[in-house]
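As written, the chain order gives the labels A, B, C and D, with residue 1 at the start of each chain.
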């Protein structure tokens, strides 16, 4: 079989190259990072971000945008830290209800033809409020199994890398290979033709939102496993980070064009960009600005490739 | 000194730079650590700030510091618990972690804490002296779900329990941002009965005063938070109509205390894990002095020297 | 009856109804005593949201993916630099305003530069820009609070015929933007671009020029808001814009503008701004804790948007 | 008589004030190719949607052969063996062809469905369009509009779990050139002779006459004639639709043109082939097989002459889109706004759009191009496909543009209107406008003063005057292949 370089491949190539360039730069600045421990420290916090990015990608795949992912992941983290250690069944029940709520949100958005941005903006207040109610002041505790899972010592390849690979492959199978994935992307591409072919767009959208909620819950749990406890504001930045990750990974806001592997790579790249800056030692005044500059440079890299693509 | 710290590197991990208190904190750090580095007391004292005020971002920052080979990390934490994973990793790598202001509860770290509860309680105590017959209080809180907010508020409520002649008739979240506080106060004020005093968490006093003025209400006793504009306003009221209040906050220069404590620990000193620093309180009598020493538009501040740190450590023993 | 039906078919009516309901509920708490002062406070604070919301609305009208996240940083930078420049000197009030507007121009130009030259999606481009602008604000003044000139401070906190001056400014700007959107060619253009940029291009619309202008207007309005807000609250703070990130988007979408672009309306921005202020005041007045308050805010937003959506399916 | 594959009885559909269907009866039996013709907005696409299950008639019923009569909706139609190629292309452009096949055919399940689907599509595509060069593993978005149309047609003839019983083709040839269209029609004939049935909608009457076994003529939402094909001639068919046949108006070479000034002059290069020259008042045709660079040339010409940054001078150039959904209509707007957007400057006073002027222009062009709507303030999407196309036409012609670029603008426009538009073009050209006209229809190419033939992105031949003929154009289009 001959291998064709399609637009989809180039789409994936861009984040991969950005990641590689950043990684080389980081290794050059800080050779110590080039070790089992170093890679783990660089990437372990990218695991929950990668999960949240996949969650965002599922919503973007049906042409919607989720502004509540940050607060929802925080909420899931609070539930995990408060209930999982002592009353795991209650914790699992609450998280299951939350996923159902996500699916319900998808249903309302579709049935009433509501703009997803507004509904998820509203829901972000709701999740934030619930998180504050569950955990008014920071605390809680990671269940032991979760903590040991997130700090597992995998042979040869650090856990963070293994986990990212697994997330990428699982998401790829669901979104790119399974029939449900085809339907989800189909709704993003042309909902009308999907419904004309006899599918229920409602069910597809509900499924996409439920899956998204599921991945967000996983993100919240992974986060607690890493930080050992939670607070109500713990993951607020995941909203923008997940959107940036999807875009960086070659996804587009409309048209159902997404790439799960790209999204995971995008999440890793964004995490690494932050570390790169730390290693540069910029004056505190400009550290925040430098984060912006790195985002610009990394996304600007896409330009070189898209020119070639054209 | 048992060991030589001239080869040791210290990093400041800061989670937020978006208000004048944090800016003063960074300036103090700079002012104190530069000469210390020049005098070869330590090899480096680098400050790092995250872009967004988020625990996850700060955790990544700490993990990077581990890789960069710092010997000590001085930490103002976004969350007392959410950084525990990263702090534990740092301790495991043999790094000294000293947290201050926003402290962490991971046992391996040192804490330079302000008794925030007491800071809240003392406001009500002060008011009980000014208003023996009591009255209605308006509480301006900080950011929901954050440790410091919870602590100060708990202290205030403790104070109200202790002095039951006071009653909290309204409580709003000002997110420690002057315009948010002003907005929130302006929103509830019309529906509040007479307010005798406003208890705050620092920095919201001026906004509250403005809101009362805009609503044409009698200015209550507003507890201030050591910002220069608050002190100016207080001075103006004091000169005009003998207005009386107090002002209390944690001094931003506590970062320099944490720096010296870290240096002392690196030096091999035995230091207790929990240290406390007093908060900085300004009263009617020392208002003018404090105003003079405070930078225009800044925050009342004190910086600490190595000797101060040694004293704090010794006192704790 | 027909008037009633036409009113209900307007996308902005729901935010107004919601604002009215919250207002009544808040005032009822005190048995009506607070009507006037609550009204004034509401107008004042809503006006700030309106000013940034107007700009954000224009940008959102440009179509999916268009949003300006640099609004908070622009507010901060313009407030900081303008006050630093005026340094309480009343004779510099106008030049200070020009400084603020200049900052808006600069940020707008830079935003569109990133979007166009580097083809970065607007969400990410403006986010990155906001970090740069925020850094600039920190670097330029390190968070020191400089007071506004007294005259300006008096103007921004003052009233004309019982109406807050800020509200008058907000209203004037709203009328101008309404005219732009509803009557001018530019309004047609941004609406066309929001529906299909490619079709707009082929209809002879200067797509880049229009989008550029829109991002610049948005940044200038944010800068103007920063200038007024800093004077109103007696000095610029580094976090003074943070509030307006979600707020500016929320008032646009709750106000009934189509988030998918191509459709927008000015009255809805006012309704939503009044509502967003009142809902917090109402929940504060009734003494709810932060958790409940956040939850209710979210549920009320969703309820308003669902109520507004009934209109679409009934038509 | 055997049970019909589908039977529509007394179907009525109204959209607000518009009565799109009024009591239509239509039965299609196995082995029948029904040709459906009618003016734009006659209700053809509406009845397609009724048969397809996408639209429930407000009165009347639909039943599918052999199925319980109670069942309705898309799934009932699909279970009844109905497949449909819609007037607007309806594939998901972000998915691959194989994935689109999966969405369309519920039967394609189980392990290895991708492989099976790919094999099925490849076979079917080369069966319908022998010698095509479509890459069946590609993403739909990378295909040209003609290729998409081909793929969509092939997908609907696919035999996954049982062959289709009725294939509806709503203007399937509108983006295909004549060679491809003939291939498709041949396949339709074969399919019908094998016992399948087809409902074919087209404005090109030759296709209908050569392919159908029975012709149904619709007018204003009702069926006005339904007879076997043998009872129609081209002329009687047009008359049945309510239009008058006009003689072809080719007036021969207009010598005056040689002296008029040149408005477009593209020099010859190795990549673009021969140069292109257009004089004031000329009608230039761009011919050749579909997707061989004609649209790209028009887009390039437009971009070159209009700015993306500064307001455009409407007297310079205007563009009539062929791909309505992609680059033509603004779906949220009214018909009037869609029409007036091309020339807002002229309708404005002091920078604001003057409503009365706008209404006047709308009324004028509604009448000139016979846009079928009760009110120009209705949404553009309430118009039938062909009528939307007329609005785009009016948008360009209502500007004072000296050059009008037309990207196959008559797609789906009915005969009556076409003839009106041809005469408008003629008159405007006489008055000094230059038209550059890409068309997939040979009749239209033959109306042009001069014709450039495209092949593989380059101009390979220039035909002028009496050289313009179907024979010469086809010869030039295939010149590469012959060699």
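We adopt the following convention: a residue touches a chain if its C-beta (ideal position, glycine included) is under 8 Å from a C-beta of that chain, and two chains touch if they have at least 3 such contacts.
These numbers come from a predicted model, not from an experiment.
Engineer: Going chain by chain, each one touching the next, work out the least steps from chain B to chain D.
Structural biologist: Step count on the best path from chain B to chain D: 2.
Engineer: Mind listing the chains that sit against chain A and also against chain C?
Structural biologist: Touching chain A as well as chain C, we find B, D.
Engineer: What chain is the most remote from chain B, judged by the mean position of CA atoms in each chain?
Structural biologist: Following the centroid criterion, the farthest chain would be D.
Engineer: Which of the two pairs, C-D or B-C, is linked by more C-beta contacts?
Structural biologist: B-C
Engineer: How many Å are there between the centre of chain A and the centre of chain D, using C-alpha atoms for each centre?
Structural biologist: Going by mean C-alpha positions, chain A sits 43 Å from chain D.
Engineer: Between chain B and chain C, tell me the centre distance in angstrom, where each centre is the average of that chain's C-alpha atoms.
Structural biologist: 32
Engineer: Could you state the distance in Å from the CA-based centre of chain A to that of chain B?
Structural biologist: 34
Engineer: Would you give the residues of chain A that are in contact with at least 2 other chains, written as numbers and ranges?
Structural biologist: Answer for chain A, listing residues that touch two or more other chains: 131-132, 136, 287-288, 291-292.
Engineer: Counting only residues that touch at least 2 other chains, which ones in chain C make the list?
Structural biologist: Residue numbers touching two or more other chains: 131, 134, 138, 142, 258, 290-291, 294.
Engineer: Which chains are in touch, pair by pair?
Structural biologist: A-B, A-C, A-D, B-C, C-D
Engineer: What part of chain A is in contact with chain D in the complex they form?
Structural biologist: Residue list for chain A touching chain D: 4, 6-8, 179, 182-183, 185-186, 188-190, 192-199, 255-257.
Engineer: Per the contact definition, I'd like the list of chain C residues that touch chain D in the complex.
Structural biologist: Contacts found on chain C: 179, 183-185, 188, 191-192, 195-196, 198-209, 212, 258, 262-263.
Engineer: So in the complex, the part of chain A that touches chain B is made up of which residues?
Structural biologist: 30, 32-33, 38, 41-42, 44-45, 48-49, 131-132, 135-140, 223, 226-238, 271, 274-275, 278-279, 281, 284, 287-288, 291-292
Engineer: Please output the residues of chain C touching chain A within their complex, sorted ascending.
Structural biologist: Result: residues 64-65, 69, 114, 118-121, 123-125, 127-132, 134-136, 138-139, 142, 246, 249-250, 253-254, 258-260, 289-302, 305-306, 309-310, 312-313 of chain C touch chain A.
Engineer: Enumerate the contact residues on chain D facing chain C in the complex.
Structural biologist: 299, 302, 306-312, 314, 317-319, 321, 326-333, 337, 341-342, 344-345, 348, 351-353, 395, 399
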